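Next come two complexes, and both contain subunit A; in the first it sits with subunit B, in the second with subunit C.
Moving on, here comes the complex of A and B:
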């Protein structure tokens, strides 16, 4: 059971100096009545990076993405895409962005071929050859009505519509939700190949953290509308470690090492997740007199996410 | 722009098809009911056919009072309900073009019942022979007044449905809401006018009420249309 949490593990780190930001949000806030969905979001996504945005349901991921797409007006704050303000240059910016929503939003009464023709007429940089190649590659029937497409086919069509105009930025909002594992793998392969074809900035939110661990080079974790962690994926995985310690006296809780984000105790077994410097945490645990044995355990992005969120929830519980 | 116009026309196609079908079927229905009453031999006269087309033109205008608000109600609400407004917003197309296309299609659809009724009247006149007394002397005010009210009520229904469509997500609510509002307003006005004529006994006051009603109907129709257009243009969230 989660019992303790150290102070917030990390704050939203700024990109390295000189990095060219493709997407930047500055103090972005969205309120729906009394509820704050996005709370002062300062997000910077470097050009050419693949950014994974994760969070619980209602953490504000989709609201943030919808604001970045200009589909929702922020209560306050700014959104810059390619250094242009979304509020002023929406139509120009839409030409540079490909958007894949959680389910197809194209006209349900149109056929696949009609939606493609419709989009091509409204996208000046639409590439017919690319669209035709994707259509056959994705095995979509051009005569099929949109409302008759399966979830996997719908996701592929959304990806086709998002990529056929060759955008420099691709935004995907939980695109693999509800897809079976084969369709999900298939979809991710197409996303990856689109990035291999041409360097693009990708922002993807998902609940499938295994997918994000595979494709994202940077991870941002949103909780209650706030960005609580923003780190390169490799660094996050390398610096977040879980230690399983055996306690001499199960009644006593030893002091948590620096950088602890979550602890759990079951009998004599004490599990500690640390973000920061695992070496110093290990040294601190070994020096603890109440601990008889310490073991280092590798964890996945999903474990890291769960522990960060549980730690924050426990922290909120113990606050007055 | 043509792509958007075709899309908006197709978006309205169920209601347009329904209107077209009504206008095609009406002469047959009116003729059949007349023939059933009078017998086929007596019904097959030019006078009967003229009557059939005149009645169909009028009945079509009456029925269109239920379809015109659907044209307004579908405009924005269906796109939001289907989330296709979100798809449209993610394309490189300005909101002014999106709304402009809807305004053009709406204008054409608004005129459609008048055109179809006009065609039926032309057929009737063609049977009657052009250059008849009515055409030579020109229409009297009494002939035109029902059409004036039809036009005004259609404008009011359409304008209010258009306004509701720019606010709500359901085309049914937008359409039904407009019909309900207009029925309430018409009932209220009829009761008020009746009171003026019978209780107060003042015909000049009743005439003044008619004038105010005409202006009020115009304001509601045009005002609803303009407000709906402004809301649709200003709305950021699709």
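Moving on, here comes the complex of A and C:
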């Protein structure tokens, strides 16, 4: 069982550590003055997997990603990419990683073609033919000025710049933030297409949990700089359940079953979300004398995320 | 084909069920190629590994088989198997609906009425308008 209070990413359910990991962070910490943005992060991203990193604004997602990109020095802890230390091998590793930052780095006065030429000069392994074919595939006009691009076009240009050197790892920091639904689908289609062309490890942070539920095979949840859950998406969805119980006496709250992450009461209706073993939670609820009936309800990744965060905020964790 | 992220049925399951239903309905006939992993992943915007997993399940069931240079082809005499699986899926769905009804104290008569109302209220699936590869 994954513990919420003391994260143990090295459970059997986690992606394998060691040589099979494309990205690994070990005890990663970043402090800005008195504020701890990333607090002992142990993240393992298996090679070839698509990892969805979720968390509230300020949870430490972008800070963690910038450290993985070698753009920010950790206060302590280590980052291994393909088992090589980012701190020592940054030049080598940059050739293997494509990065779509959370805010565009392009210069508004430049033309698309100039940004591409500028970026290609910075990357020794840049592939001009690949960039040219992506440019037409993404339907971008090379003569267009950056400031005239729509948000969707800007995101696609960022993706082109990240993929033109054919990296084996793609890191996307809230890439679809602010895109309309059509532009978002278009962008995700290009990301998936690049994964179909060649096995790539993808790390994507997003607030769009519906997208991540479809695309990510592993989910990591960050809260206040800590990794609170890291599980295969299917397993997270299969082991996190929400029960709606009807209470005999609305004034009395029954004992929360094992694995409870969040409870809510509205009159006689008592909603409990559990993580871990839904069967034993159901048995516990059925054995509870104060409960007249229990029903299992469907839960989405977004519900799971909200309940985990609300549960932590309410300090209602029953887990050890 | 469409998937529902509000359901807690795993996506690879949903994809496998959708293809089974499509075969049972004759949208894909024996010898037909089903869409490639890439095409399905891009159409549904899901991870290609998830689609591969769904196709693995269907291959193990004998519903489809990989044919070199062609892709995934619907096996012969599998319509019956697909229909049998679809019947199973329907039974599972009915089972949980009946359970919910019993929990709410509804008797068989009431549930029968609800079933008939649902039958009339449910539009026919747009399977015939599905895109073919």
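Keep in mind that, in the parts below, the second predicted complex is superposed on the first by the 297 of 320 C-alpha atoms of A that agree within 3 Å, B and C clash if a C-alpha of one lies under 4 Å from a C-alpha of the other, contacts with A are read in each partner's own complex, and residues count from 1 in each chain.
Basically, a residue touches a chain if its C-beta (ideal position, glycine included) is under 8 Å from a C-beta of that chain, and two chains touch if they have at least 3 such contacts.
Bear in mind that the values here come from a model prediction, so they are computed numbers and not experimental data.
S.K.: Who does A:195 touch here: subunit B (first), subunit C (second), both, or neither?
M.R.: Second partner only, subunit C.
S.K.: For A:26, using the defined touch cut-off, is the partner it touches subunit B, subunit C, both, or neither? Pick first, second, both or neither.
M.R.: Touch status of A:26: no partner.
S.K.: So in the superposed three-chain picture, is A:121 touching just subunit B, just subunit C, both, or none of them (first/second/both/neither)?
M.R.: First partner only.
S.K.: Is A:282 touching anything from subunit B or subunit C once the two structures are fitted on A? First, second, both or neither.
M.R.: After superposing on A, A:282 lies clear of both subunit B and subunit C.
S.K.: Just subunit B (first), just subunit C (second), both, or neither: which does A:293 touch?
M.R.: A:293 sits against subunit C, while subunit B stays out of touch.
S.K.: In the overlay, answer first, second, both or neither for which of subunit B and subunit C A:56 touches.
M.R.: Touch partners of A:56: none, neither subunit B nor subunit C.
S.K.: Touching A:132 in the superposition: subunit B (first), subunit C (second), both, neither?
M.R.: neither
S.K.: Is A:73 contacted by the first partner subunit B, the second partner subunit C, both or neither?
M.R.: first
S.K.: Give me the intersection of subunit A's contacts with subunit B and its contacts with subunit C, in residue numbers.
M.R.: None.
S.K.: Looking at the complex, which residues from subunit B come into contact with subunit A?
M.R.: By the definition above, subunit B touches subunit A via 2-4, 7, 10-11, 82-84, 86-87, 89-94, 236-238.
S.K.: What part of subunit A is in contact with subunit C in the complex they form?
M.R.: Residues 48-50, 185, 188-189, 192-193, 195-196, 210-211, 213-217, 234, 237-238, 293, 295, 298-301.
S.K.: Using the touch definition up top, name the residues of subunit A that touch subunit B in the complex.
M.R.: 66, 69-73, 91-92, 94-95, 97, 99, 101, 103, 105-109, 118-119, 121-124
S.K.: Once bound in the complex, which stretches of subunit C touch subunit A?
M.R.: Residue positions touching the partner: 3, 5-8, 10-12, 37-38, 41-42, 44-50, 100, 103.
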